[in-house]
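Shared between the two complexes below is subunit A, which has subunit B as its partner in the first and subunit C in the second.
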Partner chain A sequence: MAAQATGAAAAKAPPTSKSDDQEMLISGCEAIAHACRLADIDVVTAYPIRPYDTVMQMVSKMIADGDLDAEYIVAESEHSQFEIVKHASAVGARVFAGSSGVGWFYAFEALAVTAGLRLPVVAMVGNRALDDPGAFGTEHNDALAVRDLGWMLTWVETAQEAMDNALIAFRVAEDPHVFLPCAVSVDGAFLTHSQHLVKVPSREKVNQFLKPYNRGNKLLHPDNPITIAPQVNEDWLIEIRKQNDEAMKRARGVIAEAYKDFNRIFGRNYSPFLEEYMTDDADVVLVGQGTLAMPVKVTVRKLREQGKKVGFVRLKWFRPFPTEEIQQSLKRFKAVGVIDRDYSFGSPYSGGVLYTEIRSALYDLPNRPLLHGFICGLGGREVTIEGVTEMSEILLKSAKSGKLEKQVAWIGVRE
Partner chain B sequence: MTAQANALEIQKLDAFKGVKKVTIEEYFTSGHRTCQGCESALVMKLMVKAAGPRTIVLGSTGCMYVANTTYYTTPWVVPWMHTQLGSSGSAGLGTAAGLKVLMRKGKMKKEPINVIAFCGDGGGVDMGLSAISATLMHPQYNLLILCYDNESYANTDIQVSGASPWGANTTFSPPGKKYRIMHTRWKKNVAGMLAAGHPGCRYVATVCASYALDMMNKVRKALSIGGPTFIHSFDPCPKGWDYDPMYSHELGELAIEAGIFPLYEVEDMKLKFYGKTKKIVEGRLKRKPVRDYLLRQGRFAHFTDEDTDYFQKKTDEMWEKWILPGVIPLRPEDGA
Partner chain C sequence: MSTTAVEVIYRGIFQRTMAKHITRGIVLAARKEGKVGIAFGRYGDSPERNGIPAKQFAIVAANDEELQGSIAKYEPTEVDVTIAVDDALCKGVESWAWYGLQPVNKLLKENGTLIVTSTKSAEELIPHIHKKDVAYNLAIIKGKASFSGLWVYKNDHTDMRMLGALPRVAPHLFGSPALEAAIREEWKDDLKVASAEKSFERVQIRKVKPDEGSPEIPFSFTMPGWKSMEEGLVVRAIPLGGHFEGYDGGYRPERNPYFKKFTTRTMRPVVDFAKCTKCTLCWLQCPDSCFDVTPDGYYDANMEACCGCGVCEAVCPVDKCVTMVNETQFEDNKSQWEMWTKDKNGYAGWLAKKIEHRPERSHGFHHRGQYEGEKIEQID
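Here is the complex of A and B:
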C-alpha cells in the first residue's frame, strides 16, 4: 500500500523527522491507554471495576475511532480477562489487561500461571483497598499480593510516568531474557482520575524504543508444535522455578538498559529504580511509592525552610527489588522512615510490606540507618502535610538520640 | 461498520464417508498414561485426528492433562498448551483472538488454524461454565470447546461433579449407614443449556466415542461451521464407574440405548437426533431399562429397587415430558 501512496496520502502521513510530541492534559488511566495505542497492542481484555476501568473506556473508544487495531474482548470475569490475554500472548500477541482491588484477586489463579508460563502480559493495577468493608480508595495490597510469583511491579507518581512506564513495561516484559509479566501500579483516584500535562510521543519514536514482540521458539503454532506446561511434578518443577528466578534477576539489568534507551529516544532524565529528592545533605529520609510522593515532597520543602535536613526517596520498582540501589542510597542517612500504603498483619514488627522488604535489604550493611515503619493513607485517606511532618519529627528525634523508640507507627488514625 | 465483524477463513473439513475413509495419520500418539479402557483418551485421539495437523489444542486441568500430558512424554503431535481448570472457554477465545489479530495485522502468515479447547466435566460443567458461556457469545472467533464428561473429578480421585449421575457412589458421595444416597442432584443438562441459551453459537452437539465416526464427523462440522462451538462427549470411565475396562464401549452404547445420554446436534438452532437416539425419538426403538446400564457399574452397587425405579422415572420424564425429548426440559403447564 505504502509503495503506491498518492500525493494526497503521502501528505497525510505523519512527519517522522522532527520532534512531534503532543502535550495533552490527561489522567493516569488515559495516559496508559495512550501507551497501549502507541505500543500497538494486539489483544486487550476488559472487565469493570473502579478505578482502573477508565483505561478500558479510553482503549475501547480508541478502537471504535480506528486509532488502535486490536481485538477488544469484554470478559465475564477478571479470571477470564487474564486467561484470555495469557493465551493470546502464547500465540504471539502483544496484550494488555488490568484490574483493581478484589478484581485483581478474582484473577489470582490466572496471574499465578501467567508468571509461571513466562508470558509477557502487561497489566495496569489501579490500586484499590481490598473488600471487606468496601472502599474505593488507594491501598497497595492488591498489586503487592503477586510479589512472590514472578510479576514485575512498578509504581508511578504522575500520568507522564504512567505512560512512560507502561511502554517500558512492554519492552522489559517482552525481552527474551526476561519473558515475565509486568504490572504498572497507579494509585486509585489520586492518579487514575487526576489529570496532568503529558508529553505523548509519536508512534515512530515509540517504534524505535519498542521492537515487535517475538516469542521465538516458544511460540504456540502448528509450525512449532510444542507442548506448553505439561505435568512436571517433582521431577522438574524446582529446575523450572530456578529459571524463573534467574529471569527475574536478569530483569534488573534489562530495566536499566531500557531506561537508558528511553531517556535517549524521548529526551527524559529518569533514573531507573529510585528517585531522590533533596537527599544530598539530608540527615533523615522518608521512603515510599506512588502518589504519596507529592505531599511528602511538599512537606520536605517546608521542613527545609525550617532548616530540618529531611529528604525523600521514591521507590519506582518493587519487583525486581533494587536491593543494591536501596543499600547505596539509604546507608548515607542517620534514620530512614518507610511509608507503607499497605499492611502485612502479623509480619515481623507488624510493619508494612515495603518496610519489611527494606529492612531485609539493609540487613547486610555494616552501618545500617535506624529504620522506622509508618503505615498511613489506607483506604485512600490522604497523606497530609501534618502526617508527613509527624513522621519526619520522629525520624529527626531518632537521628539525634541515635535510638529507635518504636519500629512501626500508624499515622493519621483516629483513636 | 460493526466492530470486528471480519471473521477469519476456516478450514473446510468434510465428513468422513465411512470408517475406511478416515485419515490414517495420528496426532495423539504414545506417551500418555491414562488408565486401561480410558474412553477419554480415545476421545482425544479421535478429536485431533478429525481436526488434522493445522490445529492448536488447549487442555484444561483434569485427567487429560495430568495423566495424559507429562513432561518429556507428551502424546501431542500438534501444538498443545495447558490451561486452568475453569479456563477452557477463555483459552480458546484468547488463542483464536490472538491468531486472528496477528493475521489481520500481517504479523503472522494467513491461514485457517483450528483451535480446540477441551475440559472435563469438572472444568466444563462446574467451574468453567461461565467462561464457556461467555465464549459461545463471540461469533467472530472460530474455536471448538469439547467437554469430555466422565461424570466425576476422575483425576483427583473420583469426586462428585455437576455431571455425576444421581446417586452415584463417589469419594465425595459415599453411601453410608444413615444415608444410602449422598449425591442427590440430577445430572446437569449442559449441552441443552448451552444450545438453547447462546444465540452467538452455531453448533452444539453430543457425542460418544462408542460411535467413533459420528464423533469425528461432529468435530469436523464444529470446526468448519465458523464461530465458537461446543461438543459434549459422554465418556465411560473404568476407574470412576467401577467396571472391567473391556466394557467401555459397551457401556457407552448402553447409556444411549437406555436413553440416559441422547446423541444430537443443534445447528443454527435446528435440532437433529443421531443414531439410536434418533430411533428412540421416532419410536422405532424401545429404550432399554436403565437397570441394564446401572447394574453393570460398581458406582451404583448400593442402589435398591427403589433407587433404580426413581432413576427410571426421571429418565422417562426426559422422553415423555420434555418439550424437546432429551434436550430441553421445559414442558407445557399441566392440563394446558
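Here is the complex of A and C:
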C-alpha cells in the first residue's frame, strides 16, 4: 500500500541537500519505530504500558501504511511478548519488543532465558520508575535489573541517538560472535514523549550497515534438526556461563567495529562508549547516562563562564561495561561525581548502581580520582541546573581540599 | 575413625520414603554412640520420577570437623556400604543426569558391602553385577522390593531390616544396642526393633572375588570444555534410523546413545510373535517409542530403550501375546525378534520359561487393600 499523506508521512520533511537523509520531527519512541522499519524487522510483539507504548502504536501504523512488512503480535502480557520474540528469534526472525518499568519486570523469566539461549532480541525499555507507588517518570532501575543476565544495555540522549543505537543494537546483537540480546534504554517522558528533529536515513544506507540476520547452523528449523534449551545440571552449566561471558567480552570489540562502520556510512562522528564534554582541561567531571546529559551540559557551560573547570562524561553502554575507557578517562580528573537516576538499596556505600560499578572499575588504578555519588532525578523528577551546580561545587571543594566531602549525596530531595 | 559412608540406591518416588528412613536411621543410631552424621539425597528432575534409580546417603563421623568434608557434596567419592532396595538395580544404575549405565557397586570400597533385598541367591545375582577389581561382600536380605508411592508408605519394615543388617556388615558404624535405642526413640515400635534384630541374625553374607560378576564395560565419556561445547545450548538431533542390519527392510530408529533409561525397568515385555496380529497398537502406544519395525512387519521392543512401563502389555488386544516379566530374569538386551527368527521352537521354550516370572512386584500404590493379599513367606 502506498504511504498516505497522514501520520508518519505527514511528519516527513523535504530531504536536506547534502544527503538523502530525511529530517523528521519525531519522539524517541517513534525514532525507535523508524529503526524497526529500517532494519526491516520480521516479528514485533506489543503489550501496552507507558511510556514505551508509542513504539507499538507507530510500528502498527507503519505496517498498516505498507511501510513495513512484519508479523505484529499483540500479546496478553509482557511475559508472552518476550517469549514470542525469543522463539521467533530462534527460527531466524529479526525481532523487536519493548516495555517499561514493572511491565519489563513481568517479562523477567523470558528475559533471563533469552540471554541464556543467546538469542539476539532487540528491546526498548522506556525507562519508568518501578511501582509501587505508581509513577510514570523516568528511573533507570527497570532496565538495570537485567545487568547480570547477559543482556547488553545502552542508554541514549536524544531521539536521533535512540534510532541510531537501535540500528547498532541489531548489528551487534546479531553478530554471530555475540548472539546476545540488547536493550536500548530511552528515558521516559523526556525522550519517549518528546519530539526532536531526527535525520532518518534511507533503507539502502541501512542495508549497507545491517546485513540480514543469519543464525547459521543454530537455526531452529526442520531442515536443521536441533534441540535448544535442554535441561542441564551442575556438570554443564558453568561451561555455558563461561561461553556467554566470552560472548559478552567479544561484544566490546564488535560494538567498536559497528560504530566505525556506522560513522562511515551515515556520516556521524560517534565514539562508541563514552561522550566527553568539555573535559580537556577539566579538574572535575560529572558522569551520567541518558537525558540528564542535557541539563548537565548547560550547567557545565555556565560554570565554565565562571572559570570553573567542570566537564561531563556520558556513559553510552552499561553492558558490556567499558572498563578501560572509563579508567583512561576518569583517571585524568581530581574529582568525579557519578549521577545515578537509580538506586541500589543497601549497596556498599548506599549509592546508585552506576556509582558502585564505576567505583569498582577504578579500583585497580594507581591514582584514583576522589569519587562522589549523587542520587538525583528519581521517579522522573527533573535534574535541574541548580542541582547540577550543587554537585559541581561539592566536586570542586573536594578537588581543592584533596579529600572526599561525602561519599553519596541526595540532590533535590526535600528535607 | 574417619568418616563412614552409606549409599542407598532406590527407585524414585516408590522407595523414597524408605530410603530416607534408612539414612535417617543410620545417623540417629550412630548418634547414640556419640558420633555425628548427615543424611542427604540427590534430587533432580528425572531421578525422582517413577522407577528411576535415585540415591540417598548417610555419612557418619567422629566429630563435626571430620564431617565437614562430606557436607555440600552431591555424592561421596567412595562408600563403605551400598544398599540396593531392589535387586533389579544390580544390573546397574543411571542415577543422575543419565551419563549411561553405572555399576551398582561403583562407589564401594575394597571389602565394603553391597546389601540387596532379593528372593534370589548370591549365585543368581552376581552375574548381573559388574565385576570390580577389588573384593567386596554381597549381603542378601531375603525379600522382594518394597514399593510405595509419593503419598503413601508401605510400612512393611524393609527399612528396619536394612538397618538391622548394618551392625553385622559395618560394626564400626554402630552396634545393635545403639540401633535399637534409635529405632525405639524415632519410631516408637517394638515390632520394628524385632525386625531389625531378626535381620541382624539372618542376613547372608558372601565374599565376591575380583573376577566374579558381569564383564560388561560401563559406558563412559569425557565431558567437553566450554571451548568445544556448542554455544547457544544447541543439541544436534539424533540422525534418522535405517534398515535392520543384515536385512533389506524394517526400520530401527537411531536412538540417543547417552540416554538409555533402561535401568528404570523392573520388568520387561516379552512378545509371543506366533500370536501377534501386527495390529500396531504396541508400536503406537509405547510412550518411549521403543518398538523397532522388523523386516517382516512385526514389532520388536528394543530393550536398550524400554523403561518397562507395561503399556504394551495393557494395549495388546491378543491374549498372552505381550507379557511383562521380572527384569532379573534377563542377562542382556538382545532382540527377541532375532532370537525368534533364528529358532522358533527354541524361542517358544524360552518364552514359556520366562513368563513363569510375571512380576510379583507392584509399581506404585493403586488402591486401598492392594497389599493385603501378599504373603509373609515372601519376605521371611
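Please note the rule applied: the second predicted complex is superposed on the first by the 396 of 415 C-alpha atoms of A that agree within 3 Å, B and C clash if a C-alpha of one lies under 4 Å from a C-alpha of the other, contacts with A are read in each partner's own complex, and residues count from 1 in each chain.
Here, contacts are C-beta pairs under 8 Å (C-beta built on N, C-alpha and C of every residue); 3 or more make two chains touch, one makes a residue touch a chain.
None of these values were measured; they are calculated from a predicted model.
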Is A:43 contacted by the first partner subunit B, the second partner subunit C, both or neither?
-> first
Look at A:230 in the shared chain and tell me whether it touches subunit B only, subunit C only, both, or neither; answer first, second, both or neither.
-> both
For A:269, decide between first (touching subunit B), second (touching subunit C), both and neither.
-> neither
With the two complexes superposed on chain A, say which partner A:118 touches: subunit B (first), subunit C (second), both, or neither.
-> second
Determine, for the superposed model, which of the two partners subunit B and subunit C contacts more residues of subunit A.
-> B
Could you say whether A:239 touches subunit B, subunit C, both of them, or neither, answering first, second, both or neither?
-> second
Please indicate which partner A:221 is in contact with in the superposed arrangement: first for subunit B, second for subunit C, both, or neither.
-> first
Would you check which partner chain A:73 touches, where first means subunit B only, second means subunit C only, and both and neither mean what they say?
-> first
On subunit A, positions contacted by subunit B and by subunit C = 225-232, 235-236
Mind pulling up the subunit A residues that touch subunit C in the complex?
-> 116-118, 179, 217-218, 225-236, 239-240, 242-243, 246-247
Across the complex, what residues on subunit C touch subunit A?
-> 44-45, 74, 96-97, 223-226, 229, 231-237
Mind pulling up the subunit A residues that touch subunit B in the complex?
-> 42-43, 63-64, 69-73, 75-77, 79-80, 83-93, 95, 109-110, 113, 212, 220-222, 224-232, 235-236
Touching subunit A in the complex: which residues of subunit B?
-> 3-4, 53-56, 58, 65-66, 69-72, 74, 76-84, 86-87, 89-95, 97-102, 104-105, 107-108, 113, 130-131, 133-134, 138
